[in-house]
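Report on one structure; see the data block that follows.
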Amino acid sequence: DPAIIFDLGGKFDKSFNEAAYNGATRWAEETGNSFAEVELQSDAQREQALRRFAEAGSNPIVMAGFAFGNALGEVAGDYPDTSFVIIDMVVDAPNVRSVVFNEHEGSYLVGYMAAQTSKTNTVGFIGGMDIPLIRKFACGYAQGAKAANPDTTVISNMTGTTGAAWNDPVKGGELTRAQISQGADVVYAAAGGTGIGVLQTAADEGILSIGVDSNQNYLHPGKVLTSMQKRVDNAVYNAMMDGPGLETGLLVMGLGNDGVGYTLDEHNEALISDEMKATVDAVAEKIVAGEIEVHDYMSDETCPSLTF
Amino acid sequence: MEYLTVLQILDSGLRLATPLLFACLAGLFSERAGIFDIGLEGKMLISAFFSAATAFSTGSVWLGLLAGIASSLVLSGIHGLASITFRGNQLISGVAINFLASGLTVLIGLSWFKLGGQTPALQGNARFQSIDLPLADSLSGVPILGPLYSEVLSGHTFLVYIALLCVPLTWYILFRTRFGLRLRAVGENPAAVDTAGVSVVGLRYAAVAICGVLCGLAGAYLATGLGASFVKEMTAGRGFIALAALIFAKWRPWYALYATMLFGLLEAISNRYPSLDLGIVTLPSQFMQALPYILTVVILAGFVGKATPPRAGGEPYVKER
Amino acid sequence: MQANKDISIRVMPGTIHGIIGENGAGKSTLMSILYGFYKADKGEIYIAGTKTSIPDSQAAIAAGIGMVFQHFKLVQNFTVLENVILGAEDGALLGPSLTKARKELTALAAEYELNVDPDAVIQDIGVGMQQRVEILKALYRQADILILDEPTGVLTPAEADQLFRILHRLKDEGKTIILITHKLREIMEATDTVSVMRRGEMTATVKTSETSPEHLAELMVGRKVLLRVDKKPAQPGEKVLEVENLKVVDSKGVVRVKGISFEVRAGEILGIAGVAGNGQSELLEVLGGMRTGTGTIRVNGQEIDLSGKHSDARSRRERGIAHVPEDRQREGLIMDFKAWENIAFGYHDDVKYQSGLLMNNTAIRKDAEGKIERFDVRPANCDLEAKSFSGGNQQKIVLAREIERDPDLLLVGQPTRGVDIGAIEFIHQQIVALRDKGKAILLVSVELEEILSLSDRVAVIFDGQLMGERLPAETDEKELGLMMAGMTSEPDGPVHKAVEAQLAHVHGKAP
Amino acid sequence: MEQLPKWADLVVVPLVGLIMAFVLSMLMVLVTGHDPIQALKLMVSGALGSTYGWGYTLYYATNFIFTGLAVAVAFHASLFNIGGEGQAAIGGLGVALVCLFIPWPHWTIALLAASASAAVFGALWALIPAYLQAKRGSHIVITTIMFNFIAASLLNYVLVNQLRPRGSMDPATAKFPEATHLPSLGDMLGAVGIPFAKGTPANVSLFVALAACVFVYYLIWRTRLGYQLRAFGKSQPAAVYAGINPVKITIITMMISGALAGLMAINNVMGEAERLILGSVEGAGFIGIAVALMGRSHPIGILFAALLFGALYQGGAELGLWTSIPRELVIVIQALVILFTGALDNMVRLMVAKVLIRPKRAEA
């Protein structure tokens, strides 16, 4: 049986881990099989969980989060017959599949849409903590927004510096209000549980918000412009489907292979005109074709369109 | 800085200060009666959960509020049992209560809503709506004060006004009523109360219960006033900040208002200026996020003298000759 | 253990009934039971002939019993008025209660000469005033039976006189008073009957008029007690302590000591008399290194620092100054430390208590055992915590520690406060013995009797200044009492009124 | 209240409290629809039933010993150090700097240097609150809470902007060089022929923690400093009377406390993660408060309390691995253990006294 290890945020974090969980349950429902799972409480448990599952015969073992990189690096060699799948990080080992997402591309798209929708030419970004991954989101978003309308101002906030930063909807809401008072009328949240507060406040205050990771459009129908979906669920689902002998190596999931993208469903269709959809889809195609180059913050750790 | 920006920051500061104010006054009642309480955080958290859960299930934010208060009171009861009846260590009891709330909220949330410990989002009557104060619109034209009234004071939820009312009320109860006199006395010298023929235990339980009610209000405000659902650990350390504010305020009601407002304002300012470009250097966001805490230390060291806690605080009462 | 064993006591209405006994005899315990503060395991209480059960203080108050505890039960940061009404308020709101109490207080004050400022905060007023508040509390609750546990322990003679005047007046009103005290003089002067307790038992009850102090002392301690200090005339030697123009300002900016000068020679005891709060505590604290001051102080001819790094208590000890502080429980001892640990307290730097990096606990314990034995501390158990000794024995621990250091100068504050006569005798003997070894002793006490009997010279301090010096043989309590109130000549009218007025005057100047 | 014999007070009372906490916890397991007996077995055997379990239990315990001692030392001087969290985090920074930028020939020397650095960094982080308390009377509880937040921000900045290797996603330093890797308990015991599970994080720091216990014992009860510190904690006026400088004692005590908290970093940062990550302290600073209080501020008590919490952590991890019991249940169990062995201990004592003393009376 496969196993999945969730990061410290827990499997119900309303975004990243939850997407992974959804992928796994979808697999379980479709195949009727079961999987082992664990939510970590401590950093020391990363290696522990990997080893315990490997020793118990779980295969493949999927782990959600860049923080597993080190632990997996240590462990992978000890269990050559077990396949590992790590998401959001590259680990170079023969029995590891590394799945990374082009979050910047997806963020570029939703940034583009945000700027198109904005009447005030001001859009906001609210991140959980100031870490490279979140900068990657923010940077793509800002670039997209400026591409749609060079006059756009992008306001960016980080929630905090402790673990509480990912679970503070109240602060998320207050940051949203602060951005609204500075003119923002579309805000994009990449902040886990804090994002709940961002989306809520945006809906309350009559502006639009953009969800992240999972499709969060349903949370406030008609008030969430779209969600930057990161198909972690697909990555997990595919890995489990592929089973023990899965293909290893680097797997980049971007716009081209539906790894990232914006969401359009019954909850937000009224917000996105056909014209807008056409423009955005065209932009997406250009990105895939390489005509538009979206700057990846991680490539050189700079962000031309936003200062942190 | 423009006046409007100032107003917006004040407005945000007031919202952020409200839960701190409730919790700070809660701590004030408890500690004035001689019972230290580092479990404010836990009581807020459990109330946040039960108020959101009940409001969602019943569709009534008022029932939610009651449930939040009731749950906070249960934890208060445990604290009272440990620290009053069984004369245990008040700090340990507080620590235990924080853990208990942190675990129980998610555990119960998981089994009730299957949403990973969160509650579903509250809508309509299941949450507090903002209230426009009378004449807010017509007065907004008055220069300076008008906008202050309509932008900052008006347009908050019911609980914000309750919190503000709690300040004079607390002052009145403490300094103008028999109960307040006895409560302050029991935190200073329980033996004096005991020999005067008044029950020390009864008074302390009453204080702890009031603390529970106020923490309940704080939690309910977080989940049903400011936010619209419960998210695990959503108190995010506010109970500890309230405790700091309490010491800052030297255990006095009006100062509690000022101290919590200061915390609220500092946070609002750092929200508004995620990173500050000073021309020569740009202060990084981490610095701006730490700024409220740094300033607190500076203010504390520079302007607030020594704070003397209630003399009998933290010590269980044992009769002695 | 049993604190009270099969005690029967009968107190007649309209009398003052004294109770005496050694420290730990069970006096306070008995009275606490009467006041419903403790429960007796068995026994019955009759008030005015009817059996009354007193499960708690509420019941005691209802039965007309009022109690002034040895350690006052006042809320330090409350006003007098607030303390008086606490627990006896009339309604849920304070306002009316306060107004009523203010009126009542004025009436009581007029009736019994119990003047206090109703708006003064307890921590700002002297102990004498605090005691009046305690009495007022009882009267406000309309007590018919008033129990006072060691009420004069901390009072000055003038204050004590005033208290007894009040008590007599109350007695004349028909109230019943139970008075616990260690001072036989008070028993003789104030009471109608007296009961003696020993080790939890009531050993005797006698009419005061039919007994004598010596007899009572013997009943109490079980042996003959020397009630007077037996000492030879002093043989003053070199100047050990010279104080010139010493000024002390407290943390609130109030000048407590206003430029005083005096000297103490080897082999003599200088007693400083004065009403508490007139600067004598600050004087001792500066000399003991607990406070800073300005002026010049020489010890054995060498000047000592009054501020800065070398003005702390450690430096003082290095200069041969030992200090028995006024408040043994707050300062002189760590109440939670074992007796042996307390023996090293203040001298913990002593090389003979060290072995390498660590403290040599065996050495300290051995040292402590010797001291405790020589000073007859009871129980002679080094491993008991200081708090489980009685006041008298706690004081013996402090004295043992300080006197056995053989200091050049011993500072002693209130050496026998709250201590029973057996222990007083012993403590006085030890102080005189040190003097006879040629050491200088500075004694501060509010107890005039003690000052007069111990000192070789007496100085009176008033309002931070020395009013003058007298030889004990050439003065009396009356003269000293006047000087303590800042007066040099006999006033017109009643003395106590003039004293009170004078003190109030000073109090107004330096709150 | 009746006086219990010492052995009953030290052994029976905590044990009964523990049992009560577990009975309640297992009731909760039952209510949430799981098998309590299996859960209990899993927890106990997972934590203590194998050297593998011990390897983790001892690792967590090591953390808690350090933070528990830190809180305890301050407690003896009547100072409430809530800042263990921040001091341990900054201690981690000290370890990281030493390990990353100085080439060490051997782990022993690296450990010494890292310990010193961790202690110094932790002590310095406690210095400002201590100074403000001593000189300005600023309440140490507030300042240490504030310094926890400030430490988090500082660390966030340093890790994201300064120490993170270029191109790395993880807000963490690079891995420390091989020469600084500490031998694990498994390696060490293996070398002397005792079989012990490999790959568990307990490492040589455990012995440093044990040494710290001994150090604290001697410091508090056998040295002059400890004597002064305890006297100061019991009565400040008396301390002044005895010539003990309150400012000096406050600052020194808090620095020792901070140093002990900082030392924790050699276990989690140097011993386990072998790099500094964000949020590496994981609440151990707060657990330290509970550990110190439950251990009655005595090193031996702290040792046992730390072991208990270590076992709870590891037992909880096993629950998470092999059952679908939510991890929050472990938090509830911790809460109940703290409640019954720490706060309601008098209630338990009363119950034990009823059972132990009544029959004795009947005999007499």
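Going by the order they are written in, the chains are A, B, C and D; count residues from 1 in each one.
Assume a contact is a pair of C-beta atoms (placed from the backbone, for glycine too) under 8 Å apart; a residue touches a chain by one contact, two chains touch by 3 or more.
Keep in mind the model is a prediction, meaning the values are calculated, not measured.
Undergrad: Could you tell me which chains make contact with chain A and chain B both?
TA: Correct list: D.
Undergrad: Looking at C-alpha means, what's the farthest chain from chain C?
TA: In terms of C-alpha centroids, the chain at the greatest distance from chain C is A.
Undergrad: Which of the two pairs, A-D or B-D, is linked by more C-beta contacts?
TA: If we tally the C-beta pairs in contact for A-D and B-D, the bigger total goes to B-D.
Undergrad: State, to the nearest whole Å, the distance from the C-alpha centre of chain A to the C-alpha centre of chain C.
TA: Going by mean C-alpha positions, chain A sits 75 Å from chain C.
Undergrad: Would you mind pulling out the distance in Å between where the CA atoms of chain A average out and where those of chain D do?
TA: 35
Undergrad: Report, in whole Å, the distance between the mean C-alpha point of chain B and the mean C-alpha point of chain D.
TA: Centre-to-centre distance between chain B and chain D: 29 Å.
Undergrad: Just the number, please: Cα centre separation of chain B and chain C in whole Å.
TA: One centre to the other, that is 46 Å.
Undergrad: What are the residue numbers in chain C that touch two or more other chains?
TA: none
Undergrad: At least two other chains touched by the same residue of chain B: list those residues.
TA: 117, 237, 284, 286, 289-290
Undergrad: Do you know which chain D residues sit against two or more other chains?
TA: 149, 152-153, 156, 160, 326, 330
Undergrad: Among line, ring, star, complete and other, which best matches the way these chains touch?
TA: Contact pattern: none of line, ring, star or complete.
Undergrad: Can you give me every chain pair that touches, using the contact definition above?
TA: A-B, A-D, B-C, B-D, C-D
Undergrad: Which of the residues in chain D come into contact with chain A in the complex?
TA: 56, 59-60, 149, 152-153, 155-156, 160, 164, 166-172, 175, 199-201, 268, 272-275, 277-280, 282, 313, 316-317, 320-321, 324, 326-327, 330
Undergrad: Chain C touches which residues of chain B in the complex?
TA: 175-182, 184-185, 188-189, 191-198, 311, 319, 321
Undergrad: Which residues of chain B touch chain A once you look at their complex with the stated criterion?
TA: Against chain A, chain B makes touches at 4-5, 8, 12, 15-16, 19, 115-118, 121, 222, 226-229, 231-234, 236-237, 267-268, 271-272, 274-275, 282, 284-286, 289-290.
Undergrad: Which chain B residues qualify as touching chain D in the complex?
TA: On the chain B side, the touching residues are 78, 81-83, 85-93, 95-100, 102-104, 106-107, 110-111, 117, 237, 240-241, 243-244, 247-248, 284, 286-287, 289-290, 293-294, 296-297, 300-301, 304-307.
Undergrad: In the complex formed with chain C, which residues of chain D make contact?
TA: 218, 222-224, 227-228, 230-231, 234-235, 237-238, 240-243, 245
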